[in-house]
Structures are given as C-alpha cells and as structure tokens.
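Notes follow the structure.
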Amino acid sequence: MNTECVAMLLAGGQGSRLGSLTFNNAKPAVLFGGKYRIIDFPLSNCMNSDIDVVGVLTQYRPYILNNYIGDGSAWALDQVQGGVHILPPYMGQKGGRWYSGTADAIYQNLDFIHRFDPEYVLILSGDHIYKMDYSKMLAFHKQKEADLTIAVMDVPWEDAHRFGIVNTDEDHCIKEFQEKPERPKSNKASMGIYIFTWKELKKALLDDAGNRESEHDFGHNVIPMLHESGKRIFAYPYSGYWRDVGTVQSYYDANMDLLDCDCDFDLSDRNFRIFSNNTSRHPQFIGPQAKISNSLICDGCIIFGKVENSILSHDVVIHKKTSLKNVIVHTGAIIEDGAILENCIVGARARIKGDARYISDPTEPAPEIHVINN
Amino acid sequence: MNTECVAMLLAGGQGSRLGSLTFNNAKPAVLFGGKYRIIDFPLSNCMNSDIDVVGVLTQYRPYILNNYIGDGSAWALDQVQGGVHILPPYMGQKGGRWYSGTADAIYQNLDFIHRFDPEYVLILSGDHIYKMDYSKMLAFHKQKEADLTIAVMDVPWEDAHRFGIVNTDEDHCIKEFQEKPERPKSNKASMGIYIFTWKELKKALLDDAGNRESEHDFGHNVIPMLHESGKRIFAYPYSGYWRDVGTVQSYYDANMDLLDCDCDFDLSDRNFRIFSNNTSRHPQFIGPQAKISNSLICDGCIIFGKVENSILSHDVVIHKKTSLKNVIVHTGAIIEDGAILENCIVGARARIKGDARYISDPTEPAPEIHVINN
Amino acid sequence: MKNVAGLILNVDGEDDSLKDFLSHRSLSTLPFGGRYRLIDFTLSNMVNSGLSHIGVIGSHKYSSLVDHLGTGKEWSLSRKTQDLSILSGSNNYHIGRLIKVNLRNLQNNRGFLDATGAKHVLIATPNLVTTFDFRNAYDIHLKNDSDITLIFKKDDPLYHLKDNDLYLEFAKNRVSGLHFKREHTTGHFFTEMFFIKKSILMELLDLSERTGDWDLLDMIKYNIDTLRVFGAQHTGYIKRVNCLENYMKTSMDLLEYEIMQELFLGKNSIHTKIKDNHPTLYEDPAQVSNSIVGSGCIIEGNITHSIIFRDTKMNVGSHIQNSIIMQRCDIGRNVNLNYVVMDKDTKISDHTTLVGKPHAPIVLKKGTVI
Amino acid sequence: MKNVAGLILNVDGEDDSLKDFLSHRSLSTLPFGGRYRLIDFTLSNMVNSGLSHIGVIGSHKYSSLVDHLGTGKEWSLSRKTQDLSILSGSNNYHIGRLIKVNLRNLQNNRGFLDATGAKHVLIATPNLVTTFDFRNAYDIHLKNDSDITLIFKKDDPLYHLKDNDLYLEFAKNRVSGLHFKREHTTGHFFTEMFFIKKSILMELLDLSERTGDWDLLDMIKYNIDTLRVFGAQHTGYIKRVNCLENYMKTSMDLLEYEIMQELFLGKNSIHTKIKDNHPTLYEDPAQVSNSIVGSGCIIEGNITHSIIFRDTKMNVGSHIQNSIIMQRCDIGRNVNLNYVVMDKDTKISDHTTLVGKPHAPIVLKKGTVI
C-alpha cells in the first residue's frame, strides 16, 4: 500500500446554489453525465494516480454519499487497511464541533492523517469535473522541494476576477496571491487542489486553529499565512478540461459538454477511466417507435419516445409520444405519454405527467433551465 | 433481501466509566474476549437472526468503529443495497444537531428507516455481551400483535433496583414500569432491546420530538408515553448469558467469564457464531520456555513468558521471564523481560517495562483492577 | 429457505451448434440479453428465493465462471459465511450419451453436501432463462413430504423441445413416470429444476457408486414407485438454451416488451457481474429501434430488432438487424448485418455484408476479424 | 511495478510423496505454517512488491484455489480493476518428464497476456516459502535491458536440491548456462522466479507452437547466446516445497524464531484468506512450548515443537511432538503423536500412538478416522 501521499477530500458542502438538486443530498453526490456522481471524478483521479488512502470529510446530508462510497471498491480503493475512509464530524471527551471551514475540517482529522504518517497530503474538493494525474503534481512538488503546491490553470482574463489568482516567477514559485481581484495581474487561477508536505500542513493547521480571527479556510487564511511566513509555495500548471459545477447553469453546461464531439473531455478513454459505483441493472430497452439522437443513455432505461440531445440516467422510463430535447433526466424518473420537455433537468424519481410542456422560446439566446422535481 | 425488520444500533455512547479504554475509541469498539469488539455481539446476533439491514448510529470518536464496521462483510451484512449503514449526525438545510438522546438519534434518522419501509424496527444498544436470536423475539412480537416488545430477563432481586423493571400479566403484557425502583415489584429487568411496529415508532418519535420537556430517551420518555396512551407493550422473556460491560469491573469480569468452563457463554458454538472483522496475522508463536495455562490467546501473539488465566488480544508480545496472571492484554501491547502483572488490563500498544510490578495482595477478597496505558 | 442448499449443474456439450461459443467458456457463462451470462438467471432465482448456500459446478473451462461469479458479492452472497462454492466437476462424460444430471459431479463434491446443514437440495441447470420464485414449489415439496419435487411446465409447440427432453406422467397427483420426448410425450415437460431430500440424494449417490449408473434421472425412473415424487408447476416464461436456434429465439424474445417485463422488471431482479462503462452514446446519425443495448457503446449506425452488448462501437452507414453483437465488437462503416451472432472482441471492416438465416444465423467466433 | 504483470504457475505432480495431500487440491493450496496455503507467499510477495495485475494458473482441482483466493480482496487486489485472474491451466503433461515452466499453460491464457498493458512479466511458482521484495531484481532487469532475469540463490547443502533443480552458470555477468543438478552444479541455483519481457515471452510462445517444445526453460537454454539473460541474487531465506521431506523440514524451520521473524514479522506481511475463529483456549492442564498454533483451537494436552492449524481440539493426557496437525482435527485423550502429519478433518480416538520418522513422517489423509 502506498502511503507516501494521503488524499483528503472535502465533501461537506451543501451546494445550495444547485437548488433542489441538493435538497436531500450533498453536492458531491449529485448525479453527473447520467451515471456518474460528481465525487467519481476526484476518486477516480486518486485511483489513476496511485493514491491508496483517501479520507472523505462529510457533514451535509451524507447518507447518499456515504452509501455510494461504501467500501471504496468501486474505485479500487479497498486495500486492506487503506482505501476510502469517511470522516464525519464527531464528539470527543469535550463535546463535538461541526466543521467550520476547509482548514478546520482537516484540523479535526489530524489524527486520521497521523495514523498513516504520510510525507505529503493532497487536499481535494468534491465539486469539480476534471481528470488529473495527481502523481505528476506530486512529482512536481517533490522536484521543487515545495512546502505547498497549488494546481492552477489559465482562465480567460475576463473571468479572472471570479477566482483566486496567483502570480508566479519563471520557476513557478508563487510571489503573490489575489483573492477575486478587481484587477488581476495574471490569469492563473487556483483550482482548489493542494499538495502539502505533511509536517508543514500539521504545523500550519495547529497555528491556524490557535488563531481566533481565522475563518479556518485554506484559501483565505492558511495559504496567505504560509506565504507571509516565507514558505516555498509553487503553482503546478494544469491544462485540460476543468469545470466548476456549482450553479444550475454551470452544472447543465458541463453535462451538455459530454454530447459535444469537439469537447476534449472523453469518458470512453480506457487509459484514464472514470469509475462509478453501480448495482446491476438490465440493459436499455429501446421500443419500436423510439427515436434517439445525440444522447447519452444509461442501463435500466426504457424508451418508447423521442430523445434528442439529452442525457438519461439509470432506470428512466420514457413513454410513447413524448419528446425530450436538451434535457437531463436523473435516475428513476418517469416521463408519461405525451410530455414535451426542452432545456430541463428532471430530478430523481420525478414523475412527469403527460400534459407537461416545457418549451423554450427559440428566439431567446440562452433559455432558462427548468429544474423539475416532484 | 429481508427488510421486514430493520435494526437500529445505538453506538454513540462514550462509555466514560470505562476510563482510558474509551479515551480514543467509542465504547462499542472496545476490545472484548481478545479478538472481539463489543459491537460484534449485536451485529453477529443480527446476522444469526436473518436481519439484513442495520443502521449504526455513531457520534463519539467513531473512527475506529467506522473503520472496523467497514462494509459489514465481516458479519455477512453486505448485501446489495442492504447491510450495515453508518449513521453519524449530519447537517441539513437548517444546520445540524448532535444526537441528544436515544430516541432523538432514531428520530433524526427516520428518513433512513423510511427508505427500507420495514414493518418492524429493532432497537439495540452496543454495550452488552450476549447471544440472542432476534427472530424469535420478532415472532413473539407478531404473535402478540404488539406495538412494542421489550426484551426482559430475570435479575437477582437484590440487583433489581439498578434496572428498569417491568410488571407483566400472565400474557406477558406489561402493566407497569419502574425505573430503578427502590422497592421493585418484580425482578424482570429491561435489557434495552426493543421491537417496535414501524408505524407506531414513527408516530411516537414525532410526538416525542414535539415535546419540549422530553429528554428524548426511550426508557425515560418514549416508552412511558406509549404506555400511558394505552399501546400494546409486551415483555419478551429472555434467559441466558447477558452482561452489561459499562464499568471497568464489569468489563473485566465478563472477560474472565470466558475462561470459566462452567460459564454457559460459548464462543466456539458453530451454530451461533460470533464473527469479527480481522485482517490476516501470523499464527501464535509459542517459544521454548513459554508456559501457558487456562488462557485465551489470539493470532499474532508471540509468547516467551508465563501466561496464566489471562486473555491476550492480537499481536501481543510477551518476552522472557515475565509472568501474567488474571490479565487482559489489548492488541499490540509488549510486555518486556521480567515484568510481573496480576489483575491488570493492559491497553492497546502499551509497552510495559521489565521492572513493572503489579502484584495484588492475596489476602484482599476483590483485588483492584489496574488499567495500564502508555 | 434456510433448510435448502442450491446446486447448479454443469451441462456442457449438449449440442454442437453452440460449439463456437464454448471453446473458451462453459454454457453457464454464455453471454445473453445484452449484459448477462446464462447462469445469472438460475443463480438469481435461487438467491431471490432466499437460498444462501449455493454450489456451482464448473467445467474444466472454469476461468470465465470464476471471473464472472467472484465470491458472489453481486448476488448478495457472502464470503464470510461461505454462501457460494465453486465446485470442480467431473470430466467423465460418456461418449454418445447425454447424462442430464450426472451424479459423478456430485460425487466429487460430497464435501459441499456434507458441510451444509440443509435438509433439502434444489438442483437446477444453468441454462434456463426464466424468473421463478422457488418458495411455492418448496412449500409443495414440504407439504407432500416429497422425496423429490420436479418443477414442470405445460407443453406448448413454441418450446421446441428436443428428443432428449423429459415429460412427466402423473397418477393420483404423484409423478408416475418420466419419459424422453422420443419415447412418449405428455402435456407437461420437466424444466430441469427440482427439489430433493438430501438424505435421498446421498442414498442415490451411494447406489450410483455401487451400480456404476451415474444418471440421477435414471435412478429416479427406476425407483419411481418407491420414491415419493411430486410435481410443482411453473406458469411463467421459461426457455432452455441448448442449441444455437434456441439461443437466437430466446434472445429475440427479449425484444417483446411483455417478456422483457416479466424477466427484468419484476420485484426480483436478475443480478450479474457489474461492468463499469460510460453511458452509451448515440451520435448522429444513429437510428435505433426495438433493441436492447448495453452500456459503453458508441453508436452511429442503424440498429433494428437486435441485441447489442456493452462496449460495442458501430460506425456511420452501418445497418444491423436481427442480430446479436456481444461485448467489445467493432463494426466499421457501411457494414450490413442480418441474422448474425458475433462473439466478443470481433471486428468487422468497412463495407462488409453478412446475411444469415433466421434458423441458421452466421456465427463469428470470439476475436474474429473480417 | 505498474509495468509488470505477475504470473503464478501451476506445478503439480513433481513428487509422489505429497500425493496424499493433493487428491483434493493442488500444491498451491497445500496448508502451511498454521494458517497459510503455499501460494500465499508468492502471491503476497508480488502484491507487496507493488504488482497489481496477477494471473494464477490453476489445475483441474481448482475448487480449493478459487475458494482460497476469492477475488483477491485479502491481498488488496481489486475486483473492479481485475487485478487477479484465475486462469485455467493445461492438462497436457508429458508422462515421465517434468516441465518446470510449461508454455502450454500460457498458451491457453494468451488473453491474459494480451490484455495487460505491462511490458514485463514476473513468473514464479506457487510453492516457494520466502519473503522477497522483487523491486531490486526488477531494477536490475531494467538496468541491464534484460530479456530475462533469473532470480538465483547461493547454494548450501541445507537446501536439499534435487536432480531436476537448475543451476546457473555466469560469464561476464550474464547467464551463460542453465544445468540440471544431475548434469552439472555451480554455486548458484535458480529459485524458479524470473522476469521476462512480454515481447520475448510472446515470441517464445509462438516458437513453442511451431516446434512442439513447450518447456520455457528449454527454450531459454537453446537461445542463451542470443537472449540477454541476467541474474539477480536472493539473499534471504527461501525453501521450495516439492516433497514430503521438504514440506516437513520447511514447516519445522518456522519454529526457529529467526526464520519466523524473517518470514512473518518484517515490514511486509504474508496475506491469506481470513478465517474467523474464536481465540485459542488453553485449558488446564495444557502445556505448549516451541510451537505455532492457529486460532479456534481448544487445547488441553501437551504440545512440543509442532504446528497446529486452526480449529483443532486436543484432549487431556495427549502429547504431540514434531508433528503438523492441519485444520479441524480432533485428537482424543491419551494420544501420542511424534513425526505425524495430519491432513484436515482427521480424527484420532483415545489411547492411540503414532510414531513416524523425521525423514518419513506418518501421513494421515484428509478425513481419516483412527
């Protein structure tokens, strides 16, 4: 088992901007691309990066997430003594505290990391869609003899003000941070992926925990503190597909990217597979009158209607005389005879009556996305 | 998968009367009988009772416990969609609350039970050592058409004042409750094992949650409330080995029962096995000068000294010229050359120096139990 | 059903027409229905009926079986309680004579029968396509205090029974005779699933050892008067896959929604090994109708009345009709297939046309490249 | 080691002295050391060296192997990424001639080799008792750009090598010859573990198919001048179990604390299937010294210099010395055993005395009742 680097995955967030998609479910457990859940991406990245120990920090409605992660075997993360460990907030002798910031969540689980006594700790968040071989970032971190390495990517200059921006020298050493700057000096944005040297992380978290004015957030508190104290902080340049799916629109767009042949995000690449945790379902049944075009469809679906440019999750039933266009349907939803849907997200196990009509105005440049739940 | 009856196992307690044995560990995860942990008993009981879905409610230092329970496969509780589910306190849209009582813990997880929609719910606690086929209790509950069935056992009259006592009619129907009565009217004590009809449980918990004066405890609040409202509450008579292991002395005594041939608690019975979750270890190695008598010894031990009437957990090393008598040694402890121990509990991974002398005064009728940790 | 152990037999070699599919696997692991293996039906039926101690007898081509079943986790069988045993079968087949229930296979595995605390054994073949809850039949078995309860089905021409299929004769509610089709037919045929008391099975095993006759059904026939043999009726869909024609017909049955519903959409599902693929992508100008499609496919062509397994790639301009395409096939551009069965990992290059017949589809062996 | 696939061979039938243990199992699953099976050492060594794609070739007696390995979970091998494949071996043995590395076994499993993306294959036999980290040997293999790297060990009389063991001859650091002991001995013998480039292995496989010579070591010998064959030294404890005498001696080695330490108490542990038993109960008047004892035993007698597997019951007044008692044996009162090897599920009634010889212990077959 490889314990050189332990990953800590922050999966506690509510994701309130995803509205009813996170009503009963933590954001990392929201369905994506039909069969996946958002957390499949960082977990599969860990698997593809030879990281064998992953702590998953949860606190918001974790039942679906915990159940989904299970013993980690879905991502081959079930080594004896290693694998995935779910880390909820807990009570100690002096009572318990909820996780109050990203750094606090890790701080409360220093004991966990200590059990594996790694040399490096990788901090991840559970709300981005991307493929990344963290072992390359780790090699970069080691080569630079860094205390902290932050993965960064170039964003369009006009969006830079929405990100944490770093300025580096030619050696990728970070010289300056700007958190959501009005006038960004660079377009290198932090992706929220950090590799710390373990002894530096421990020291920083103990210092931060003792600081009453800190909000215990990596981006706002811990990293600026380390920067001020002169630690070696480097920026690891990443290029490739990376999407934040924090809002309904960005979630919808990232899903629709999967139907775009020109998009460089390929789920069918056998050399870097994204795994997920599935139970066995029957294959999709396509009825005599069904019409399917440019769509992504999962096992367990039964389709008698027309499906165009849409993504159907498991066990979706599309009855006759229906028409779906630019629609994302979550698991187990039923679209009854005659329903017409455009630009919608249909929630899990929703039942759409046959008289449903969600038709967008074609003259509108960016149609509104309707989220339909029962 | 059998979802007629779902079990809810209350495993959140700190067990502060067990002192340093629960410093870093929840009580249900404390070692017992060498290789077992206390929670093995209710979980194995579930397995032997054909109960396929178990929710385990945790909140005090749950890491060892969660890790130990894993995917439930150690107790054959890993059915697709069923098996063991760990249920920590969680945050919802309106923030989170810690479990504030046994009934509150179940109340906060009504959603979980609802997913399986059982007919009956079995409530267990994680701090007793016993074997019980709950399916017989369930058959009794059904036969009596009860709303609630409480397992009871006869305790010595002189101890009855320490228990919740029930008085029943000839049909086992409960007529009266006495919580730790000064003058018990019977010696039938509640074992803290309840079977509820699900719809009655749901109603009772909703009522209790709305009652501001309730401490949300089954024994103190919910059951008296049901009794007052005239529900059918029955006492299921149990006889057999049952021990509370809530104090150091009772924990020590119950362990030592395993070395007593006359005790009717048999771990080697193949028809009702107690399973536990182990990783593979080498078999015990017994050196040329070792002397072992009347002891229970686990895999991974290496013994060169004298071991008498003692229980050694996994990976214990007993060096030469040592003497252990009436001692419980937890996993990974090392007893160095020359140490002499009597009537001790040695904590996990403790290292006992060769000059250690814990010798009891033989004239004392009940020697004190020393708990030794590093 | 705690008192019943399940035993799934190994029934290779019944018919030569499937031999192209059976060079690397046994009949039990023949791919079926877009993602299953044949044995999934019998095994899932046993599990769904509450059996938790099941032995599966493999052939010498055991790799695919072992790989498929693993420790039985996908069927909710536990490694801890040794719910699933993969047993080594016997290689002693009698040339030219088919033994339906070969006791030599059981002989090798007395240990399995000895170890189970069960009083009854449910024996079934691995090539039955059906969903069946054994609990009613077991109640009948117990109520009659049967030694053996044979599960039977009312005959219908659609079953295409063969000369060596068995028919049941009843007298006063008990089974009074077992006849090969070639000898004598009645209105009810034997489904190759039956309950037997373990004590009787052990006795018959001992008898076989002494007499050298290893056919359990023979033994039952010889002793039909002294044994208490009863029947229990199967009223749902059931097909036995024992030749290419039956394989093709049974596969195509799934494209009828009512049959698909009965087999896959009931209370109990058919479990199988989980393969983790991306969702199937239908890219323009794909047109698919009346078909079953597995996951992980990328489809750009036209498919009608066909079964496509996982991870198949199909390019623009190609047409597939009335065909079965197993996993990981690669179909080029402008390919035409009609009545073709392709084993897995098969590749067809551009502009190829293959047209078989309904009763004699063209078979492409595993790994073929055309 | 991502670039290396592991392959564990099936090596039954080398010696008749073990045949009583091998009627129901292959050599790879012979119980050893109180709780292990022989294959645990080779398999754990591969896993502990970082291999994650391993094929195990089984014999036609595959049940015990399948049951033991499951999906490899206890060895941290994942079902999801198909880390472990149990492969069907060939039954084509040449009578009277032992083939150490029979390419027919690999021939059947080209699919395994094709599927792996690895560039190198680590091949080893399943009957080696050792802990060995392959990483150094692999570095040597890569550094030399070897086609084949044979792992060897300095000879010592304690190894009791046999006529058909192989010795290595070196010239200018390269391996220049491979000789059977009966022909020619050198100071270094071949441990039956080696790295080979996959491309070379595939070439040799093709060559075998054309020539009909299936012995890989023969092929290497014939081509020793053209192939780049190097050696990597093993400096720790290693024994090969290939006959009863070796089995007995190797087992008793474990009772020497230094050997026990090297094998079981190092950084990497030997994994095995988990059996869940109660802790062993030593009841008065038990006396046990210099022994290895599994869990689940209930011991009331005297044991010296012996290996007792799990779930054994031993009654008052009995003495066991210099013996190996496999799992679930039952030993009555006042029994005396010296130099006895009991296979599992064996029962000895009161007042029995059995005394074998150090070089020829008495062997009791599985299930014997005396």
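List of remarks:
The first chain written gets the first letter, and so on, giving A, B, C and D; residue counts start at 1 in each chain.
The rule is simple: contacts are C-beta pairs under 8 Å (C-beta built on N, C-alpha and C of every residue); 3 or more make two chains touch, one makes a residue touch a chain.
According to UniProt, the chain labels map to these proteins: A, B = Glucose-1-phosphate adenylyltransferase; C, D = Glucose-1-phosphate adenylyltransferase subunit GlgD.
The structure presented is a predicted model; accordingly, all values stated were derived computationally and were not measured.
Simply put, of A-D and A-C, more C-beta pairs touch at A-C. When chain centres are set by their Cα atoms, the one at the greatest distance from subunit A is D. Separating the CA-averaged centres of subunit A and subunit D is a span of 45 Å.
Subunit C and subunit D, compared by their mean Cα positions, are separated by 37 Å. Chain centres here are Cα averages; for subunit A and subunit C they lie 42 Å apart.
Contacts with at least two other chains are made by residues 73-74, 79-80, 271, 276 of subunit C. Each of the following residues of subunit A touches two or more other chains: 73-74, 80, 275, 279. For subunit D in complex with subunit B, the residues that touch the partner chain are 33-35, 74, 257, 260, 264-265, 269-274, 276, 278-296, 298, 309-310. For subunit A in complex with subunit B, the residues that touch the partner chain are 12, 14, 16, 23-24, 58-63, 66-67, 70-71, 73, 80-81, 85-93, 96, 98, 111-112, 279.
Those residues of subunit D that touch subunit A in the complex are listed here as 2, 73-76, 78-81, 83, 271.
Put simply, subunit A touches subunit C in their complex at residues 33-35, 74, 259, 261, 267-268, 273-276, 278-299, 311-312.
Residues 24, 58, 60-63, 66-67, 70-71, 73, 79-80, 82, 85-88, 91, 109, 111, 276 of subunit C are the ones that touch subunit D when the two sit in their complex.
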